[in-house]
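In the two assemblies presented below, chain A is common to both, partnered first by chain B and then by chain C.
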Partner chain A sequence: MPGADKETDLTERIEAFLADLKRGGSGTGPLRGSGEMARETTYLLRRITAQARWSSAGDLMEIIRNEGRRMTAAQPSETTVGNMVRRVLKIIREEYARSRGSSEETEQQESLHKLLTAGELSEENFRQHFVLLKANVIEAINELLTELDGTTDNIAMQALEHIHSNEVIMTVGRSRTVEAFLKDAARKRKFHVIVAECAPFCQGHEMATGLSKVGIETTVIADAAIFAVMSRVNKVIIGTQTVLANGGLRAVNGTHSVALAARHHSTPLIICAPMFKLSPQFPNEEDTFHKFVSPHEVLPFTILCILTFLSELKVNSVSSPELITLFISNIGGNAPSYIYRLMSELYHPEDHKL
Partner chain B sequence: MSSRGGKQKKGNVTSEQEEEEQPLQAVLVADSFNRRFFPISKDQPRALLPLGNVAMIDYTLEFLTSTGVQETFVFCCWMSNKIKDHLLKSKWCRPTSPNVVHIITSDLYRSLGDVLRDVDAKNLVRNDFILVYGDVVSNIDVSQALQEHRHRRKVDKNISVMTMVFKESSPGHKSRCEEDDVIVAMDSKSKRVLHYQKTQGLKKLQFPMNIFQHGSDEFEIRHDLLDCHISICSPQVAELFTDNFDYQTRNDFVRGILVNEEILGNQIHLYVTQDGYGARVSNLQMYDSVSSDMVRRWVYPLTPEANFTDQQGQGCTHSRHNVYRGAEVSLGHGSQMEENVLIGRDTSIGANCHISNSVIGNNCTIGDNVVLDRAHMWNNVHISSNVEIHQSVVCDGAVVKEAVHLNKQCVLAYNVVIGPNLSLPDGTVVSMHHPEEEEEDDDDEFLSDDQEVGHSKDKTRQKAFNPAEVGPEGKGYIWKASMNDTEDEELAQCLWGLVLNPDPESDSESEASEESQDRSRSVSPEIDDVNAFQLEVLGTLQRGLEENIVCDNLVLEINSLKYAYNITLKEVMQILTRVVLEYPFQQQGTQLTTLQYTGSLLPLLKTWSPVFKNYIKRAQDHLDCLSAVEELFLEQDTHQTAMVKVLMKMYQLEILEEEAILKWFSTGATNDKSRQLRKNQGLQKFIQWLKEAEDESSEEGE
Partner chain C sequence: MNLMKLVEYFRTQVRQDPEVPSAVAAIRTLLEFLKRDQTGETILGLRENLTQTIRRLEEADSSVAVSSGGELFLRFISLTSLEHPDLSQCKKVMVERGELFLKKISLSRSKVAKLCHTFIKDGAKILTHSSSRVVLKVLESAAADKKRFTVYVTESQPDSAGRQMADKLQNLNIPVTVVLDAAVGYIMEKVDLVIVGAEGVVESGGIINKIGTYQLAVCSKAHNKPFYVVAESFKFVRLYPLNQQDVPERFKYKADTLKAVEDLAEEHPMIDYTPPSLITLLFTDLGVLTPSAVSDELIKLYL
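And then the complex of A and B:
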């Protein structure tokens, strides 16, 4: 029976993806950037749409929500996965609405006025069956995939507007987006990059080699020197793991200190973040927020016999939105205060909690 | 790396591809073949004991799966039904699992050797496989080691048979198991193991010189290694176990390979990793430290909140200071979870409790004002108010009544009730099984569990609980002297838990220790050859005396022993001399007076003189024999006066020649002690008498 085969194939793929997520970042699984993660999630969701059994949009949304819940539970710190699930859910809602032929009006957000005037609003149940829905949804997901493929280029294209000749730029750790951004600017302009090494994982070293290969003048500094060097820096350009709903950041550990130093010296802090990193999370959910890994890097296992103390290694830190000057995403530059608006465009409010 | 790989591919493309296509296999031994966890393991096999609320075997399977193992053979023996049930319910047996688990059960496995022989008999492995125990917790990336192993095998034409994985950790580290402490001599470049020795109980270590004489010029002798008990084996390993039916453990195997290296040409290599974590839960102390390492996230990503077993409702949240909380946990007013605490789901904790470094299972209830430090509580445990628990294990279903103090290293096994108002001293073990039961079913240790349980129920009814031991409302028996292996006696001081000093009078004890002695003799012949030979010689002579065996036959027996144990002629003579001279001590205790000693020894010398004569022929033999005599009397310095009589008798029996004695006397003195010995009055006289006799005889001759 080919149908059953398809089904097991699908569950196998989902299981493998979940297992990968769980082992993520430990070195045992394939280590990936969030861009790749976003793409893979979307591919998987497209496959689910194509292969799972569903008859109406409601069924499909239920299936995707279930799988999405499992995926986010597998690695709560990897917010991209949840974001992509929300994007796909939004796509299904839109396509369903379009198939029903409802106007733009109903699709828009509920306002206070509407709530007052509408009275008993008929709850949308997504139960109607449309033949073309599947094809339309897959088509829309494909569009999302092309958008994802182009994000880094779209961000890098804006580099020349932000980086000028003979500027001193500081960055922290390694971010693929920032690397592409700086490399793009280096084609036309000459500038100096200072990279904070970002101990204990020292991704900064990789970043520096990557930059110097294309001829950018690069200096690696220790994290402790960030504040001292900041006075000479014209701009700080960094990447992030997640952009939070309030416009804050959840980024690699050490980012917060850079942000504070930049604020002290009134240096502009620019964040390169593709739209798929925008998450409807607020920085108050303590539990899932941080990613703690093995303390091996800061405290070698060997010396533990002498010392027994609490050892933790937190991978990320949170910075508040008021420290940030500008977000550069694939759809242009935005101030942190505008993030809420982008959020409502990308996700449906009902999907914020999966 | 890549360029090297490319070169090989050109060399033999077909074989390379064949190997690539073969799925990686693993052999998981879900049995420990020892009784370290007794009496806990009486109710539950060790592999299923929870560590951080997850069965240990799940850690091992997750480790294997994450390293890319696609086919795992799980071998179970003790309580195989339970392990099977557990595995069938787990995610490993779902059709989507990337790692296909085959469960193989048999009651006949008594050691790792039996398992591997069965692997060979059933022809299960086709390629290199990973060998682990069911209680290994690890996140080491073995793929690097695997690559090195395969590369070596390709280059050296299957010479390397095994790669052992070790983790670097300094000596005395709390996660190092003292039983498994090893010292390894290895070649720095090729990572080849030259010498491998367990250090436990040894004050002196010996390295054969020849290992340093050939091979490369750089060697390392390392003691900073933690044995992860993960080995990458080639299929030959199973065959070698079949060929050598006396191999019981991996230790035997490694030593056997190293000793026979020149004959068989097999080598063993080492893979040392700095990052990653790997340890085997081989006793309760290791359980404690591995559990605390796990809570401290050393085994990331196998952390409690990861819920890698994919069980519904097992998930928990992680917050600062390594505090993990499961679903539906309720915490009373004023209770503190200080650090490194894991609490399972549906557990409720009363007011003003103080919890640190502890693991609490699912469905537990804990009263008010409870202090828990380094406590390991499993599922469904009930703790009343005002209880204090320090570094102890409380198993499923145990009940601790009010105001009970559990001091360090206590163990409450399944369903035990303790208290109220009681303080258990350090190292108390309480179980629902009566210790005497244990002795009875000593032999059928590997019975099926149903039988076992029914059996024990009858027993528990028969015997009343002692309220002085377990409290007025208590249920359970204090468990003493449960360990039968002699090794464990030595470990009594350094290991936590079930090893208390055994009762010397109990019959089963002495029987068992004899057994284990037998076993150790058969197990590790290489190192104890000389000792074993000595014992055999003693036995032979004893029997000879009892049954009046003719000396010629004794010689024959000793000769055959000599070949069996691969002993040189010189050693034979020294040992023989020693055995004979010590014989009276052996028979009548060491408190003999000199007079009694000589009285019993001299007739013996007479009876056995043909045996001596058979071995002592050349001049050098005489000297060797004399030095053996000297050595013995140097040790037994209270009996030095007897030496003259012995020498005299030997001279009279023509075992020793006067020339040899004179030569020995004049030249043999090498240190102060032996010089002192030679100043002994009796000896001086004897020598003088000998000299005169010689003179006379030579005069006569003239």
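And then the complex of A and C:
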């Protein structure tokens, strides 16, 4: 029966994705980089919307929430998966509200105004059935996908406003967004880039090779030299893994030290991060989002005498919003204190905890 | 309606239920006034009577919370009267909505506690200031969640409210130590986080709270400890003080002091202002907010 086939096909796809997620965490699986993970998640959610059995918006949201919970449990350190699930949930709410004919904005957020003027304790239960809802939601998800595709270009387009001739820019490790950003600026301006190699994986080397291929003068430095060189740097531009709800960052190890060094020298710290990296978590809530890897890069397996000295390497560090000057995202530049507003536009408060 | 009777009603509210926030008691009193008021013919007349009542209530209890509750109620009246220009129908709707509003905000303390207790980790040492019922609720939720933590409470002179807080915490079986107000700097290196309540949250995202809070905030900033504020949303008030002197005199001193004493310069203030730069996060029933988000909420309501 075609219906049953679709169901099993869908569950197979979901299981395959979950397995990819579990493997993809160490950087060796097929899903590399948060951009691809976000895209894959959105494709899967679109597929679920199209193929799963649901009659009302409430059912669909329940299904997506359950799948979302499983996906975030498979790889807690990849927050983009959860972010995309929340985006899709918000899309469903908006489309439902639009189908009902009510204005979307006033219904959505909790506010003092709403407390004072609301009629009854009405619980929005999303039970009404609308014929066009499926098509509308899928169309909206397609728009989301187009937005995802264009994020790196949108960020790179803003490069010329921020990078000027003869500047010295510092960056840490390897970030595709920052690479595109710098390459775009290099078309019209001449500047120097100092790349911190970011041990133990030394991704800074790849970054430096990529930049020098387009003719940017690049220097690679060891992590220990960051503070020493900082006095000669005009700007620090880095990427991040996640942007937290208070405007802080969860990024590659060593970012916090760079941020502190930049503050000490009053050097502006600019973060290039697309909107799908914005997550509604706060830094103190869970400590389970630190990723640990084997220490074999630092301490090769052949050294047997040092036993339990170094059992794992933490690869993420958390920075606070006061150290950051500007966030450049695909919708423009924003101050860290404005993040709360962007969050309220992207996610519904009830979806913050999946 | 007799103003004296209303003040009595207010006082009885507070006496009967010591857990009720003073803003809620004020709003309940004003709602009672609305129900009993027979003299008002126009919306403007109603507003005038209400403003008088609020002023009388402020004379009875000069805290910021009563003032913010009163302003919120006035705003509520204006918003409702815009929708229903006919007075008698308007009054009916107002009374209905008022009851609903009271029901909703009675849940706000639990909402705040639910948001905040996840930020308290096992083995945490918490420092709090004076006696706050919201903080008590938060700590109660965290303890109910089987988290182990210890609490330091400042004594908070001149009324030693900290000791009452310590007693209440001991009843909940939470290990608690009372410290001198002067010992805040000394104890700060031991604590992991600071949680305080607020009597009022101002537009800039700063707070008005019992005297000594500002010191606590400055110390925690110096030691890089997170400084959390827990407050319900009806405490948001339309003030924008730039320094301690900008806080209006009528909030700084107790109602009796304001009436009795001629030269206020001789008196000790009961509250102080903590600027938003020292606050890490605010936990309200509208969600977890950064100080910059507070003004957004106020604008949504008042403008």
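List of remarks:
The rule we apply is simple: the second predicted complex is superposed on the first by the 335 of 354 C-alpha atoms of A that agree within 3 Å, B and C clash if a C-alpha of one lies under 4 Å from a C-alpha of the other, contacts with A are read in each partner's own complex, and residues count from 1 in each chain.
The definition used in the following text is that a contact is a pair of C-beta atoms (placed from the backbone, for glycine too) under 8 Å apart; a residue touches a chain by one contact, two chains touch by 3 or more.
Note that the structure is predicted; figures quoted are calculated from it, not measured.
For chain A, the partner touching the most residues, choosing from chain B and chain C, is B.
Once chain A of one complex is fitted onto chain A of the other, the partner contacts of A:Thr8 are limited to chain B, with no touch recorded for chain C. Looking at the shared chain after the overlay, A:Tyr340 reaches chain C, while chain B stays out of its contact range. In the superposed pair of complexes, A:Ala19 makes contact with chain B only, with no contact to chain C. Within the superposed three-chain model, A:Phe282 lies in touch with chain C and out of touch with chain B [touch as defined at top]. Contacts of A:Pro349 after superposition on the shared chain: chain C is touched, whereas chain B is not.
When the shared chain is aligned, chain C comes close enough to touch A:Gly247, but chain B does not.
On chain A, the patch touched by chain B and the patch touched by chain C overlap at residues 287. Every residue of chain A that touches chain B in the complex is listed here, in rising order: 8, 11-12, 15-16, 19, 22-29, 73, 286-288, 292-296, 300-305, 308, 310-313. Contacts from chain A toward chain C in the complex involve residues 110-113, 115-121, 245-247, 282, 284-285, 287, 321, 337-341, 349. Looking at the complex, you find that chain B touches chain A at residues 65-67, 94-98, 139, 141, 167-175, 224, 274-275, 277, 296-301, 303, 306-308, 315, 317-322, 339-340.
Of all residues in chain C, those touching chain A in their complex are 72, 75-76, 79-80, 97, 100-101, 103-105, 118-119, 121, 226, 233-234, 236, 280-281, 285-290, 292-293, 296-298, 300-301.
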